[in-house]
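Labels run A, B, C and D following the written order; every chain starts at residue 1.
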Amino acid sequence: MEKLIITAAICGAEVTKEHNPNVPYTIEECVREAGLAYEAGASIIHLHVREDDGTPTQSKDRFKAVMDAIHAKYPDVIIQPSTGGAVGMSNDERLQPTELNPEMATLDCGTLNFGGDEIFENTENTIKYFGEKMIERGIKPELEVFDKSMIDMALRLHKKGFIQSPMHFDFVMGVNGGISGTLRDFVFLRESIPADATYTVAGIGRFEFPLAVAAIIDGGHVRVGFEDNTMIAKGQVAESNGQLVEKVVRLAKELGREIANPTEAREILGLKQR
Amino acid sequence: MEKLIITAAICGAEVTKEHNPNVPYTIEECVREAGLAYEAGASIIHLHVREDDGTPTQSKDRFKAVMDAIHAKYPDVIIQPSTGGAVGMSNDERLQPTELNPEMATLDCGTLNFGGDEIFENTENTIKYFGEKMIERGIKPELEVFDKSMIDMALRLHKKGFIQSPMHFDFVMGVNGGISGTLRDFVFLRESIPADATYTVAGIGRFEFPLAVAAIIDGGHVRVGFEDNTMIAKGQVAESNGQLVEKVVRLAKELGREIANPTEAREILGLKQR
Amino acid sequence: MEKLIITAAICGAEVTKEHNPNVPYTIEECVREAGLAYEAGASIIHLHVREDDGTPTQSKDRFKAVMDAIHAKYPDVIIQPSTGGAVGMSNDERLQPTELNPEMATLDCGTLNFGGDEIFENTENTIKYFGEKMIERGIKPELEVFDKSMIDMALRLHKKGFIQSPMHFDFVMGVNGGISGTLRDFVFLRESIPADATYTVAGIGRFEFPLAVAAIIDGGHVRVGFEDNTMIAKGQVAESNGQLVEKVVRLAKELGREIANPTEAREILGLKQR
Amino acid sequence: MEKLIITAAICGAEVTKEHNPNVPYTIEECVREAGLAYEAGASIIHLHVREDDGTPTQSKDRFKAVMDAIHAKYPDVIIQPSTGGAVGMSNDERLQPTELNPEMATLDCGTLNFGGDEIFENTENTIKYFGEKMIERGIKPELEVFDKSMIDMALRLHKKGFIQSPMHFDFVMGVNGGISGTLRDFVFLRESIPADATYTVAGIGRFEFPLAVAAIIDGGHVRVGFEDNTMIAKGQVAESNGQLVEKVVRLAKELGREIANPTEAREILGLKQR
């Protein structure tokens, strides 16, 4: 089985210091959390950025400042900015971090409810546009899918040339509005992707570690981090993203799966070595 | 195996006379199509209405006029108005036909892409509101789901009291933006609903008859009609909704499944007899 | 979707004239039943043989006599003898019909209960031996599997060289002792075979036609015949194997699937044209 | 989620001191291995017995001696003797340990290959006989199933009164001749049992710990032990059955699942408290 790529989603757009005081806002905090995750075994940092007061932003400048600061200290880690943005943003606003030509970026493959009155909008035309821009800019998309229909959409747009293979998926599971996080759901999604595709799984909340082990034993990859879950165990707030990554590493070791470093992760994902 | 309930979706909001000249717009045309479907074996008419020029509307008056005209000629058929509405409508505008206290009405259980720039919006709060109104008005909802996540949403809102059991689902499969229409997709959805629930399947386009037979052999129910598919076979435009229903009836007979009349359909669905 | 190959299992080892007076024992009866099946649309005749009094036999001479008689009248039909044999037979006794170098023959991929005290024995060593002999004799095996474990066995022996690819499976479903015949079972088996494999499904008893339509819509192939089922509908004894094939043909036509003739079946299965 | 029942299969019929010098043969060795497993967290000891020289036996006296010795030291542990026996034994020979009225015993639900020329024979009539005897003797059967067909058999015999509900299954996965040990296989079996049933999973060889975590996160139960696997990690022979149990306990703790003691296990399985 190939080595395990761990992605740390250190920040997120919706989680705040109210949920966990260690959620990073400032550049220094982002470097700290990225570093702890990296040192624990993460080879990819999935990144959202905020102003120092915690306000989420897609500002190219802010992304550049944070990415540069992380790379200054951890030059080989893969940084994967989010293009999720926020309600009301234009496509180009959301795409700002891709102008920095990162190795990877997320590409959300459909529209869904996020609870209450909220909708996370990604129309077919938006997905096409994001796909084209990522091809132009030499970025490997992490295809975020919240249900089977989004895999179907990705496969359709792959056939039309908007997404290149080998495709890399992120199964986001357990969100209110998306697919639940049972093993049965996981196996169904996992069998819906092409034979040459790779995937990571992001279990939300209490689904984080159960789905992490599912992916570990299945040969997939794992995403953890404050964006998805802020607890190290039931009732116990995590000290850092590093602590969440450490737990995945322990589980992988028990199960005989080795951890990929960034060089190995690039190899597995077909990214150019830096 | 219980008898087969056939629903005819005779009209739809997006299909027009350009696709098939037999798509009904006027009251007379709706009565004609409902009647042909009913005589062929449909016990439920799923209904959208339009102005005479084909413009879709959620007008309570128009719904009343069409429903009364159908019931005048076919008094026992179950009429199930759509609450889908159109982009930009308020919840109450969409809910107008439910003020007529029909026996059933559709309740869409999530938000998804419909291709291009289009989003079919049904936020969690909208679903809750529709659920409450239907309980108030004594209407059994047909829970339209376009993917697994919408079943998860329905189950969550059922637990919170917004939807009553036994639940009745409609798996809409093969839409661009929703789950695909393979047998594997069908089996996955079908196994995701509670043991006491019933379901019908609406295969879109070329998926209509394959998914109809899947439901026939599985003990589920079937929806066909111009809303979902306008072709009786590859390259052959259907003459009427009745012709589509007849084909389902032939397939059911070959497979040993009897057809439910409206009285039997009410029994199966737990509706009051009229 | 490729054309539909229909196999007629006209005789079987366990079904008798008590079940259905049209079950063939004599050479003339076998020719009659094969002919009716062929004329109705079958391109493969799956063959067991018996003495005139109905006693099952694996005699090479009897197989030769029946096969020659069928080919004399229907020269292009594919004849697929069974190597199932009977309790207590040696491997070589069971393999007698393969000495006639037929195009295909069945190869049972595991051991299972057949009800009561009966066991259908096919040890791993037997399967290997049958596989080797079929490779030597240029015969394409139809890999009979009664559950998932038998697919796993076939894949393991394929890796070891005892079975060549592309593999062709027969899912025998609904036997007491084998896997049941639900859609869920079907989809599970169907997804367990390699991408380059083909399959047919043999639904036993009441599962015959439901599983036939499952395979028709899924792009698989279908086996029917007195060996598997003697009834044309609930409570109605079939007049001939031809009548069973005709029903499959009607269902395929309704579902837009064309029927393969023997030349097309050879093409699909990778057999040499005669 | 209910607490996790760990079963230790400390001995087995086929594994020997050649595989692992700690495999127990003598009474003292059995007590040692049972004790280490129990102290690590196992609440059930699944038991085969042997003569001091390692020869497997179904002798009632030997079972009594070993069971008494274990209970003398660990009075509350649940002992579950095997009725698997060996090739050529009669049903009553195999059933000898059930004459001791243990709380549980295994009941194999079908016949399958065990590699080479070996067949593990359990005809339908054998299964019925074992079922009846266990009902008579007040024993809860652990229904060993090696594939889906064996679940179907158990359900059929349950309907006929040979097995009582709530049923408790053991999915034995990864044997040459049985179903493989992928997550997909696991989920399929797991969804094939009744809603009121419980299950444990016994992953053979390298499947032991991957399937253990699958069951841990799914709410099932886990069997480990020398019978199934003698390695604590790739290339590392286990020191004891206790070491295997400890690893399951560590994994369960990481995943937030508590361990059942024998009293809690009896509660979960519906056994009388002693």
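Going forward, a residue touches a chain if its C-beta (ideal position, glycine included) is under 8 Å from a C-beta of that chain, and two chains touch if they have at least 3 such contacts.
Since the structure is predicted, the reported quantities are computational estimates derived from the model, not experimental observations.
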**OP:** Could you let me know which interface, B-C or C-D, is made of more C-beta pairs in contact?
**Re:** C-D
**OP:** Between subunit B and subunit C, tell me the centre distance in angstrom, where each centre is the average of that chain's C-alpha atoms.
**Re:** 41
Subject >> subunit C and subunit D: spacing of chain centres that average the CA atoms, whole Å >> reply: 37
Original post:
So which stretches of subunit A touch two or more other chains?
Top reply: 191
**OP:** Treating touching as the only link between chains, describe the layout with one word: line, ring, star, complete or other.
**Re:** ring
Original post:
For subunit A, which residues count as touching subunit D in their complex?
Top reply: 182-184, 186-187, 190-191, 209-210, 213-214, 216-218, 233-234, 247, 250-251, 254-256
Original post:
Contact residues on subunit A for subunit B in the complex?
Top reply: 110-113, 115-119, 121-125, 146-149, 152-153, 156, 176-180, 185, 188
